[in-house]
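Order as written gives the chain letters A, B and C; numbering starts at 1 within each chain.
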Amino acid sequence: MQHMRLKQLRLWCLLPLFILTLMLTACGQHVGEKDVMQTERETNEITWGVKGDMRLFGLTDIETGEIRGFEVDIAKAVSKEIFGKNVKVNFVPVNSNTRLPLLKNGNVDALIATMSITADRKKEIDFSDVYFNAGQAIMVKKGSKIKSVKDLTSGTKVIGIQGSNSVLNIKKYAPKSEVLQLSDAAQAFAALKSGQGDAMTTDNGILYGLTSDDPSYHVVGGSFTTEPYGIGVNKGQKKFLTAINKALKKIEKNGEYQKLVDKWFSQISGFDGSVVK
Amino acid sequence: MISILVGHWSELIEGMKYTIASSLLALVGSLILGVIFAMFVISPNKSLNVIGKIYVEIFRNIPLLVIAMFFYIVMPRIFPGLDGFKAGTIGLTIYTSAFIAETVRAGIESVPVGQMEAARSNGMAYLQAMRYIVLPQAIKIVVPSLGNQFVNLVKNSSVLAFLAGFDLMYQGNLIASTTFKTTDTYLAVGLLYLVMTMPLSYFMRYLEKRWSKTPTV
Amino acid sequence: MQNFIDAYSWINLRFLLEGMWVTIYVSAISVVLSFIIGAVLGLIRYMKIKYLSAVIGLIIDIIRNLPLLLIIFFMYFGLPSTFGIRLNTVTAAIVALTVFESAMLAEIIRGGIQSISGGQMEAARSNGLTYLQAMWYIILPQAFRNMVPPIVSQFVSLVKDSSLATIILLPELMYHSQIIYGQNTNYMIPMFVAMAFLYFVVCFLLSQLSKALARRLN
């Protein structure tokens, strides 16, 4: 009796695993890829994935609940260029972990979310021309012994953001340092402030946004990589991509781009103007 | 999914080690804390009683994530050195201890009051009577639900992922964000969670059935 | 102290309450849905219908043994790529919570029904009631009385668990407080206090309500 029970037990344990494996083989394809240009013309609406917790780029305004920042403004300008003045522009907050799946699943039509153009990502999605040139840097508390990325030796901990290109880079530039990855910039900064790490690393523009909040932290050592940001769209959206590139060129020519750069970055001390495209 | 399991086996196993370690530590910790606070709650001493009740009510009614986050980003200012794993495990311990306290209290209260009275009138001290007469009986009622608490602990330890606690969920997040195979990664992670929790919960169910058939007292 | 005064500005408090509203709204919908689904599944599992009960039982067991966090991820990322169903954050959170809590409730409900002795069913049947009648009029009302406390504590869990949906950026209480202290880290401790307080109020009231309800039923 006892023996049989145990046997049954074992069977019940194996079965779910088996079924799960069966389920998995059924997985695979993406949401039917409709032409964004056509859908958008019909509904007169476009949805962008933007950062919601990054000052300067995309930050949720506590008073209004709206997201504001350089990337949000670029997205609005580009949408108007492509679809006309009356287009309804929606913004969905994303983080570095959620942005790619959301684009691929079709929750958002395009991403403008501090995303560097990398070879690995290019295999998954398409990128527009560069709209911003960032570079990876590190940020520490003022008075810290760490003066540059070279000081991140063994025994140090560096905090990064899950899904960002910078956590991959830092393993090359500071291979001895332990990397802690948090889900977004706000959590990473909170962790740095409570002493979970000796430094935080991500792109300089994001770090300058944080230091403008809290001057007791500063960016040290300059940037050690180049991170060209591009607008991400799904593969197979060639028409949409061409339209975005055309729109980017146009706002650069008519001075709107420069106006937005000045609006968001002119007052940031220490931010090198030449970093911007 | 198979490719994720094969290609990232070492990270996933590493994550499972942290998940199991955190759950086991939290189980021991929350058992101790839980029994202590259960004793407080049923204690005839007024102030202990109030402390016990406040502890249980507070930690039963606040999300685990809030407690764990608090230990990760607020407490290190007072106690430096609380990393993600430690902070998460402490959070898990405290959160679970409130539930265990409730279970243990219910178990103790299910032992007829007469037994305590009989023991006391035979000259035992309150704590003696508790230790030798009431607790051994209560434990038999409490053990099955403790098994379920352990399954919950394994599942709940996934909050470590929010705190860079190197657990299975955290490793899953990192794999998903570097391979871009989100669905496959989370299915693989799910499978590994099931490997840990499923046998355990079936075993507890089997135990419960067996114990309910044979009278234990 | 100044941090506390500044942190609890009207604008910040309103933002927190907006988050709490999402928490309550998402939880309330999930509570209703998961109660209905959980009851149906629990009944099917109890009735031991050939194959159906076993399959449903297995699915329930799988869901119960997975971390909710994983289910949330799956609903937000996995469903669209697997089945082509695209959900926004609010729906994904509701679906994930409902799926998870339905499985939990189904077990509670099955156990509750099982605890009512089989003799009652037989007595009712021999008095000429059909199986479903006996279930509806005799068994369920009694079982329900026993089930109220565990069901409500499951609802309390649901409210707490909804905080995990910050991972998919659901604009609920936890996420909103993170946004506030993310923009000014001096507000971190005040935000934790406020967040803990608000969750506590909701959950504590809910569990007190259940105690009162249980007392009235008995």
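Some observations on this one:
Note that in this section a contact is a pair of C-beta atoms (placed from the backbone, for glycine too) under 8 Å apart; a residue touches a chain by one contact, two chains touch by 3 or more.
These numbers were taken from a predicted model, which means no experiment stands behind them.
Touch-path distance (fewest steps) from chain A to chain B is 1.
In this assembly, the chain whose C-alpha centre lies farthest from chain B is A. If each chain is reduced to the centroid of its CA atoms, chain A and chain B end up 35 Å from each other. Each chain gets a centre from the mean of its Cα atoms; for chain B and chain C, those two points are 19 Å apart.
Inter-chain centre distance (chain A to chain C, centres taken as mean C-alpha positions): 32 Å. Each of the following residues of chain B touches two or more other chains: 73-74, 162, 182-183, 187, 190, 194, 198, 202.
The set of chain A residues touching two or more other chains comprises 16, 20, 27, 101, 183, 187, 190, 193. Counting only residues that touch two or more partner chains, chain C has 61-62, 77-78, 81-82, 167, 188. If you check the complex, the residues on chain C that touch chain A are 11-12, 15, 18, 58, 61-62, 76-78, 80-82, 84, 86-89, 167-169, 178-185, 188. Touching chain C in their complex are the following residues of chain B: 57-58, 60-66, 69-70, 73-74, 151, 155-156, 158-159, 161-162, 169, 172, 182-183, 186-187, 189-190, 193-194, 197-198, 201-202. The residues of chain A lying in touch with chain C in their complex are 15-16, 19-20, 26-32, 52-53, 55, 59-60, 62-63, 65, 92-95, 98, 101-102, 104-107, 183-187, 189-190, 193, 213-214. Of all residues in chain B, those touching chain A in their complex are 1, 72-77, 80, 83-84, 162-164, 170, 173-174, 176-178, 180, 182-184, 187, 190-191, 194-195, 198-199, 202-203, 206.
The touching residues of chain C, when paired with chain B in their complex, are 61-62, 64-70, 73-74, 77-78, 81-82, 156, 160-161, 163-164, 166-167, 174, 188-189, 192, 195-196, 199-200, 203-204, 207.
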